[in-house]
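Mind having a look at this structure? Questions to follow.
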Amino acid sequence: MITSELKIRVLYAHTDKMGVVYYGRYFEYYEAGRNEFLRRLGYPYSRIESQDIILPVIHAESNYFAPALYDDEIVLQTMLCDIPTVKIKIYYILKNSKGEKLAEGHTIHSFVNAITRKPMRPPSDFIEIVKSKMDSII
Amino acid sequence: MITSELKIRVLYAHTDKMGVVYYGRYFEYYEAGRNEFLRRLGYPYSRIESQDIILPVIHAESNYFAPALYDDEIVLQTMLCDIPTVKIKIYYILKNSKGEKLAEGHTIHSFVNAITRKPMRPPSDFIEIVKSKMDSII
Amino acid sequence: MITSELKIRVLYAHTDKMGVVYYGRYFEYYEAGRNEFLRRLGYPYSRIESQDIILPVIHAESNYFAPALYDDEIVLQTMLCDIPTVKIKIYYILKNSKGEKLAEGHTIHSFVNAITRKPMRPPSDFIEIVKSKMDSII
Amino acid sequence: MITSELKIRVLYAHTDKMGVVYYGRYFEYYEAGRNEFLRRLGYPYSRIESQDIILPVIHAESNYFAPALYDDEIVLQTMLCDIPTVKIKIYYILKNSKGEKLAEGHTIHSFVNAITRKPMRPPSDFIEIVKSKMDSII
């Protein structure tokens, strides 16, 4: 498993009239987590795109345990457990500043050729970096 | 099963630089679907809230099959298949204006007492309405 | 002046913890208003784009008078007062279902060649349609 | 003038199909800026709220000069120039990582009693802090 951590400040924009973060907003947090994960891995998403490869989401889900509250600095852990094939599965755990688990989720993405729109294998140097960083915190 | 349909115009605000609707935005579409579903059922969400009951999301997921495109008027089907208990599970199918399936998902909500924050059974008149409308398009 | 009207249902997604619509969300409402305005004018934005013309926003502003509330079906009036030159200015008035004014704003857009990124005059058939519909409700 | 700076990573969620940050999203950036501004001032917004005072936006505007691009780490300057009265006016300048100005805007907020909903003067200790930090970078 490779893990990275990102702190996120909860804004008014993220909350709804229940006084807590809106359930759909978590998927933006998850994007922020995987953006930072790939950057720290040394392979930012923009480098994937520069090879005419895109990573559309084909599945996304989240479980909600406790509300994320305004102005809290929440902590998002982003994790990769398996070597990607034509798909990559990324896990997320969100905790509040006291360490309580608020939500967890995962997304599955396809590696897709941006021009032909066909599924493809990930770049070999991406796989190498993933293998070299397995079992580390980045 | 009870089914309702809602048309949604895809705006610039919903799209991302891949030129298609952002994956997290579908969960706002799903909220629009269940808002309209409950209204047509004759039991709008505001009526639930007026009894100090809230319906926080405890699980949300979506599968993405094909991209939703700018300016298309997409069609969202919202469905209830089971009589709610302390939880309610709502299904969503999103199609483009040609009838092609773009995405499907579901959300699970708890009935929660807004004051004590404890899970509770749904109001009995809500269950009655659900039973009376089973197997209809609303 | 050309005026069009659009009804918008206020969702949880639009509100914040103050219990009212988040100030930034109004600019999505305004986009929904001008999207519909151009469609009813007979010149949808996608037709502008199909000529390799884009309309980036160069100025946006809004005044907020009273809060828009959850589940209300608010009414957005979108108005064009002046014949567009290299710029187009669009006005918005948002009222609640009781007719009380909640907000008003405007946006200014440039006509820009999508390839050269240079400012340009609007298509002549667009100007003709605007002139032919002046002083009408569309 | 009091100035603070915040770095923001541009995500897919912020962009639209034009490939740049959506015009309405800048107002979330501006909220992030003033949230951080108040925190660094030593008077976070949550401290204002804890005194049953809210700061609804009564005016917001933005000028857009150049597009903010995906994955760039943009820099948001948030500035207070005048001692607040019953209103507070906050300025924002957004630059890309090369220092080019992308946008500037401002918001005006009322100090409002959260219970009576009437306008009020800001807390005197807030004014004192503002005066003590004038002409500094926080």
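What to note about this one:
Letters are used for the chains, namely A, B, C and D, taken in the order the chains are written, and counting of residues starts over at 1 for each.
To be clear about the criterion, a contact is a pair of C-beta atoms (placed from the backbone, for glycine too) under 8 Å apart; a residue touches a chain by one contact, two chains touch by 3 or more.
Treat the numbers as computed from the prediction; the structure is a model and nothing was measured.
Relative to chain B, the most remote chain by averaged C-alpha coordinates is D.
When the interfaces C-D and A-D are ranked by how many C-beta pairs touch across them, C-D comes first.
Spacing of chain C relative to chain D, judged by their CA centroids, is 25 angstrom. As a whole-number value, the distance joining the C-alpha centres of chain A and chain C reads 34 Å. Averaging C-alpha coordinates per chain places the centre of chain A 27 Å away from that of chain D.
Multi-chain contact residues of chain C (touching two or more other chains) are listed as 12-13, 18, 20, 24, 28, 31, 70. By the touch rule above, chain D contacts chain A in their complex via residues 9, 11-13, 28, 31-32, 35-36, 44-46, 70-71. The touching residues of chain B, when paired with chain D in their complex, are 12-13, 15-20, 22, 24, 70.
Only residues 18, 20, 23-25, 27-28, 31, 54, 56-64, 67, 107 of chain D touch chain C when the two sit together in their complex.
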